[in-house]
Structures are given as structure tokens and as C-alpha cells.
Amino acid sequence: MAVQLDKALTREKIAKRAEREIESGYYVNLGIGIPTMVANFIQEQKEIVLQSENGLLGIGRSPYEDEVDPDLINAGKETVTAAPGASYCSSAESFAMIRGEHLDLAILGGMEVAENGDLANWMIPGKMIKGMGGAMDIVHGAKKIVIIMDHVNKHGAPKILKSCTLPLTGKGVVDRIITDRAVIDVTDEGLVLVEVAEGWTVDEIKESTESDLKVSESLLNTSY
Amino acid sequence: MAVQLDKALTREKIAKRAEREIESGYYVNLGIGIPTMVANFIQEQKEIVLQSENGLLGIGRSPYEDEVDPDLINAGKETVTAAPGASYCSSAESFAMIRGEHLDLAILGGMEVAENGDLANWMIPGKMIKGMGGAMDIVHGAKKIVIIMDHVNKHGAPKILKSCTLPLTGKGVVDRIITDRAVIDVTDEGLVLVEVAEGWTVDEIKESTESDLKVSESLLNTSY
Amino acid sequence: MKTIYTSFQEAVKRIEDYSTIMVGGFGLVGIPENLIKALVESEVKHLTVISNNCGVDDWGLGLLLKNKQIDKMIGSYVGENKEFERQVLEGELEVELTPQGTLAERIRAGGAGIPAFYTPAGVGTPIAEGKEVRSFDGKEYLLQTGLTADYSFVRAAKGDRYGNLIYNKTARNFNPMIATAGKVTIAEVEALVEPEEMNPDHIHTPGIYVQGLIEGIQEKRIERLTVRQEA
Amino acid sequence: MKTIYTSFQEAVKRIEDYSTIMVGGFGLVGIPENLIKALVESEVKHLTVISNNCGVDDWGLGLLLKNKQIDKMIGSYVGENKEFERQVLEGELEVELTPQGTLAERIRAGGAGIPAFYTPAGVGTPIAEGKEVRSFDGKEYLLQTGLTADYSFVRAAKGDRYGNLIYNKTARNFNPMIATAGKVTIAEVEALVEPEEMNPDHIHTPGIYVQGLIEGIQEKRIERLTVRQEA
């Protein structure tokens, strides 16, 4: 139960930090799972538009019971409403928006990220493959790709690696990684540690990261 | 003046014969110029849909003066109305219909047709090039491509040739040629004369055609 | 002008074994429920189905799957279905996974007469195996081919006798492209209306793409009901 | 959320010499009349213009041409313009002719992140010169690349402050694709309305593609008035 609570709190912490990536005026795609949670923390003064790849530009809040429309869902198949100014489109048009890099930001989950920006988040060999859904398109489809995930896996092993061991979702696509412990940027000079979360030290982050980490000159400590 | 009248009558004769190509239930694109005239002769009992590549599926009759809408034109830039059941679409969608061969028939004008079905109808070297417009797409965009034109040019020289001398609009695209003198099919075995117009003989058609002509076993004489 | 069917059995009866069928919908939203059910009843077998998802165990394309009518499935996400998993693991069902945006574009291309196009999705991933990779302006792309089908089944909110269709909200999803890519496209509509009720500026699928229509009542099952509590 | 301009001069003032500009419309229908006029006034030079046509001598893009602001024109039909002819013959103007359907698809591809695609149009014609020809299923196709622009100018009937656009009848034409393919897209709208007046199912151009809007009154000149006499 304590572990469960911890998990929930960790997720919330990551989601809240990820929310800071979203600037007013942004068009954003939030991946299924924890990324979807980010929407709950978006500050009211920010004017942002959430895109859902099943053909909704402008996801609104969850419907009240009497507002539920079975024809209106998000990409996670949850019932939603449409925000003011929303529009519907076909899946081809929706991915035209994505592929054409008209979105400012996508926040997605990750299993592994490599120091060159490779991302693996869709299959584990030997396990049933459910499919990549829209992930392989979305990683090429926003001006900035942010991956949010736990810093280490359930065995305590790093998820930020020299190179991914799992089949890739995209090659060299990640711009920033936000974990429960740190914010790390993928740059041409390798990974750069830019923020350290409350309760963690630079050394601890380095120890729990397989790749080499440069420390930013403007490193923020205890930033979230 | 007599020549002028002849020209008008010849055009009408070709257009009327071309109309017989249109079966009830067909989706048809009519090229700019004489092909557009074909619409005037469509028999009322036929249910057909005329497509205009500028984004109108279902061209209606010309508007009465008080119905004119400057936002509603055909591909020849003439003001039109929309027929019952019409829809508007973008140029990309319109050519998706065309390129995807969803049209049953296109009737287009021609300068030269070769025995292998090559068509030239868009440019004359040395003269100002106005552009091919939609012609190069449309010749690949209907289940059947019918070319209507005079049998010979203004110098009396054949327009149906062993091979085209003018730059092509499309390679091997023509299914049938309708002229003031004859109806000729493009087949794997070469050109086949299938109909002879009133006032003409098989020999006269052969003489005024550069390509070899097989005569169909079911040749129709004086068919129009 | 179009064939208006009065029974769903009639609408699917020409479909033969080994046909390729595209089916609209995303999850359970916008699926042609009654056409799928009629296909199950028809007992037609060895189908190749192209659809973003494959329904759930007891609804949508899951019903076809359960009845072992599908030989091959082309989709982007098939994770809500235990029977699917079983058939794949036992080698009864072939699966071709395609990124969702690539799938949507392949279907659009198929309907639009475009045999192939380049897309960044899948470069450097297992999806790229056996596919041409080519650089444009220094970035790598995969060559993907257009998809067509013998039959396309779509669902729309409104349709008219000219075959024009209008979809409702996110029930549009894959339906417009799928309507363009079937040799024969049959639309299950919630309401068959007079053409005058369809504004020509609002039509999503022009009638040229549709060969038959049938009116039906849908259950519209909800996969993940998510509601906000009244304040 | 979007920039709402109050003057057309203001809307075009950031445009620099040597820019590539896409302009919506077919013939004179659906052209952003006032944006074009403001561009003429701006005296910006050495433009590459991508548009299906190039206006007529005294209207639309013909005005830009007359003012010698265009270095290069990419379009499918440029036949209604004597000044165009003169500039081409005297080597003042470069022209790249593209089949109309190919042009529409190249612009769509540019906006949709597709670097290139294959199309049957132009195989065996002068258009194929220098282009890759490739067979798919025994038929030949040309490789064509996507097109984008620094600026896109479109005209819509209605727009809202979220950038959503709705077009009227055949004034839609090239506008929706062009709206997607400009780094900066500015929409001239006949009426700027409240978002509530735009039904989300009827929007042709989702707001994401549009950076600025301005309301204007159009002359809507008619090129070929064709009427039926009263019975």
C-alpha cells in the first residue's frame, strides 16, 4: 500500500514537472498513460490545445455523466469532451498534422532512452506485441519530444542507456527526458543533466544512469 | 460564315456522339472546351454525376442571373450551379478521386493521338506554354478515356498518327477516339475502326488516318 | 442512385472467402457494428482484415476473430483482445503491425491512386525491415505502399441516396480514407436522410466512393467510460 | 490565440525579398484578394510564388506580376495573362509547370511531412525529365516531392480566433492544402466569427495550421460569367 501510494506520488511528481514544458499557445500531444495525467496539472492561465491522434484537435475535460457521447473519445479510448475552438478530423488529417510537425510538443512514456536520443517504448521481445499505435509517428511529429518515465526499472537498473536494448520506436528522436529523479537533455554533445529533483544528488543521478552525463552549467537543484 | 456554321455543326455532331459514351450511373469528367459542350446533350433519363476538378462533384446547369455565385465555378472557370446530391472538396481530394480511378469516364480534347494510345493535347513547341492544368492527371484518372477531336487538322493532315509528334500529355492512356468522321478504339492489336459517321466511307477514314486501322467485324456505318 | 440495402445479411452476401476487407473505426468508436455482425453470421472465412484495431473479445472485429474468420490482420494496435493473443501465439492468425499514421496514410494513398510514399515513421525500428530507406534533405524516410481492399465497411452518422456521408465527432477517424480504398464500399449509417439535408460544404465522404448504404441502429459500446463528478 | 490583424499592410509586413509564398485559389475564385494587394503595395521583390494560376492581367497574382515582384512561378495553368507571357518570353520570369493534381498533392505532402510520393501523372511527358520513374504492379509512376513555403495566404468564408477556417463552395480548392504548407499561414476571411458559430464537425482547416487572420471585403471578380436565360 505504501509502495502503491509512492508510485502514485512519483507519477504525479513527474507529471507536474512535465507540465512546465508546456507554454501558453502550444499544441500538444500527450501519450497514453502517465502523459495523459499531465493534462490534470495544466495551469489555468495557459492557453493550450491538446491534440488526440484519433481526430480531435482540442481535447476538453472529462464529461459529466449526462454529457457522455460514445462517439467522442481520446486516443486512450476514454470518453472526453471537446474544448472551445475544437475541431474533428480524419486519422489521415490528424497524422498529417503530426508528421508535418505542426505540434509544438509531444510528451510520451518510455521504456528505454539512449544517449543519442533513441527511444524504445513499444515492445518487449518474447512478450505479446500489442502494437505501436501512433507512437512511431508521434516521435517524428512535434518540434519537441519529451519522454517521461521512472529513472530506473523495477529491478533498479538504469533506463537511460548508452544504447537501447529493446526494439526502437524511433531513432534519435528524444529532446528531453523527465524522470522522478532528474531532467536530462539530449544534445549533440550527449546527455546533459539540467535539473535534479528534490531528494537526489548529481552523483546519485550519474550512478543510476548508464550513459555519461554532462552537468549543465546552469544546473537547477531541487527544482521539483 | 458558312465555315463557321460548319464548325459549330461539326462540334455539335461530335459532342452528341460523345454523349452516347455516358451510361446512367456514371461519374464523368468533361474537359474544357468542346468536351464541356457534351453536358448540353445528356439525355434526361440518365442519372449521371459530372465532376469538376476544382472541387465540385455534381455540376448543375448554368445559373440564372440572380443565382450567380462568384464562389461557384467549373474547371473552365464558368459560373455554374450545384446539382442535387453535389458536394464540394479540396483540389487534393478532387484529384484523389481522379487519380484513384473512381471516375467511370473522362472525355477530353486532343491535338494528336497515336496508335498505342499516346495523347498530346497540351503544348506546341515554340508557342507560349499555358500549362497542362489537370489534363495529365485526368488521363490516368478514369476507367475509360475518350478523346474527341477533328479527324484532321486545319491543313487536312491526320491527327491520328503512328506516333505523336507533339510532347505527350499521357503515354498509352486513350481508350477511344471520337472524331467528326469516325469512332476508333485503341486496342492491344492497334487501332480498330468501330463506327463511321454519316457522309464518310471506310476508305476515306483510312486515307485520313496515318496509323493502320483494323475494321471491326461489327462496324457501324452512318452511326452518327 | 446507390444500392440501398434493407438487410445487413443482403449487404454482405456477395463477400467471398479470402477477401480483403477494410473496416472503419478507432477502438469501438465509429465501427460498422451491424455489418460486422452480419459478416460473422455469413460464416465467410480466410479474411484479411485491415483496421486500426481488432475490437474487444466480445464486440466489433473481436466477434469475427472469435469465429476464426480472419487469417490475417493489418492494424496498429491490437492490445484489448485475449483471443487475438491466443490465435497469434498458436500461429492461427497472421499480424502485420503498421504505425497508426502510416496506416492512415497508406489507406488514403490506396484510395487516391498513389502507389507509394515516404514517411519518417519507423526508420531504425523493426518496421523498417525489408523496406527501402531513403534520405531527403538529410533526413531518413521509409517507403510505404498504398493499401486497397475488395470491400470497405464504414459507419457514418448520416448518408443520402447519392452515397454522401457525414460523420459524428471522433467517430470519423479512419472511416473517410477507408471509404475511398474499397473496390466496393458499404456504409452503415445511423440515418439515411434526404439529399437536401446534407449541406454540400459539410459532406466528409463524397458519394463517388460509396457503392451501397444501409441504415442501422448501433449499440455504441464504450470501452473506457471516464466521467467527471458533478460539482 | 492567433494574431488578428487589423490592416492588410500589417499582415504582410514581415515578408522579405526572396521569400516563397503559396497563394490559394483556382482562377480568381477563393483568392486572398486583399493580401495580394497588400503584397503589391509592400514592394517586396524576387518572390517565388506557388499557386495553381497566376491571376489575370489586372487582378489577383497578375498585379504582383505586373509590378515585377515575382522571379519564379510554380503552377499548373498560366494562360489568362499576357504580361505573364511577355515576362517568360523575355526571360524575366521563370516558370515551373506541374500537373494540377500533382501540384495539389505536392502541397498536401509538404504540409503533411511526406517528402515524396509516386504518381502516374506525367510519365512519358516532358514533366518526367530528370525525375525518377518507377514501376509498381507493372505500371509506371513519377517521383514527386512535397512543397512548402515561407508564407501561405489563403481565403476562407469564415474563421475564428482559434484559426479554424470554413470555405464556401468551390472557393475551397487549393486553400486547405496551402494552409498546411506555409511556415506562416495568414488567412483572409470574409467573416471573423465567434468560435461557437463554427461547428467542430464542419471545420475544413483546423486552427493549428493558421498563424494569423484578418477580416476583409472581397470583390470576387468573375472570369467567365455564364448564365441561363430565364424561361
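Letters A, B, C and D mark the chains as written, and numbering starts fresh at 1 in each.
Please note the rule applied: a contact is a pair of C-beta atoms (placed from the backbone, for glycine too) under 8 Å apart; a residue touches a chain by one contact, two chains touch by 3 or more.
Values in this document were obtained by computation on a predicted structure and should not be read as measured data.
K.L.:
Taking contacts as defined above, which has more of them, B-C or B-D?
P.N.:
Greater number of contacting C-beta pairs: B-D.
K.L.:
Between chain A and chain D, what is the gap in Å from one C-alpha centre to the other?
P.N.:
Taking the mean C-alpha position of each chain, the two centres sit 36 Å apart.
K.L.:
Please tell me the distance, in whole Å, between the geometric centres of chain B and chain D computed from their C-alpha atoms.
P.N.:
About 28 Å, centre to centre.
K.L.:
For chain C and chain D, what's the span in angstrom between their mean Cα positions?
P.N.:
33
K.L.:
Can you pull out the residues of chain D that are in contact with at least two other chains?
P.N.:
Touching at least two other chains: 105, 108, 112-114, 119-120, 167-169, 172, 200-201.
K.L.:
Can you pull out the residues of chain A that are in contact with at least two other chains?
P.N.:
Where chain A meets two or more other chains at a single residue, that happens at 82, 88-89, 95-96, 98-99, 140-141.
K.L.:
Taking the touch definition from the header, please name the shape of the chain graph: line, ring, star, complete or other.
P.N.:
other
K.L.:
Mind listing each pair of touching chains for me?
P.N.:
Here the touching chain pairs work out to A-C, A-D, B-C, B-D, C-D.
K.L.:
Using the touch definition up top, name the residues of chain D that touch chain B in the complex.
P.N.:
26-30, 52, 75-79, 85, 88-89, 95, 97, 99-105, 107-108, 119-127, 140, 157, 167-177, 204, 220-230
K.L.:
Mind listing the chain A positions that touch chain D in their complex?
P.N.:
Within the complex, chain A contacts chain D at residues 25, 27, 47, 49, 51, 57-58, 82, 84-89, 93, 95-103, 140-141.
K.L.:
If we count contacts the way the header does, which residues on chain B are in touch with chain D in the complex?
P.N.:
My answer: residues 52-56, 61-65, 68-73, 75-80, 82, 88-92, 94-96, 98-99, 118, 123, 128-141, 167-172.
K.L.:
Using the touch definition up top, name the residues of chain C that touch chain B in the complex.
P.N.:
1, 108, 110-114, 160-162, 164, 180, 195-196, 198, 200-201, 203, 206-209
K.L.:
So in the complex, which bits of chain D are touching chain C?
P.N.:
Touch residues, chain D against chain C: 105, 109, 112-120, 136-137, 139, 141, 145, 166-169, 172, 199-202.
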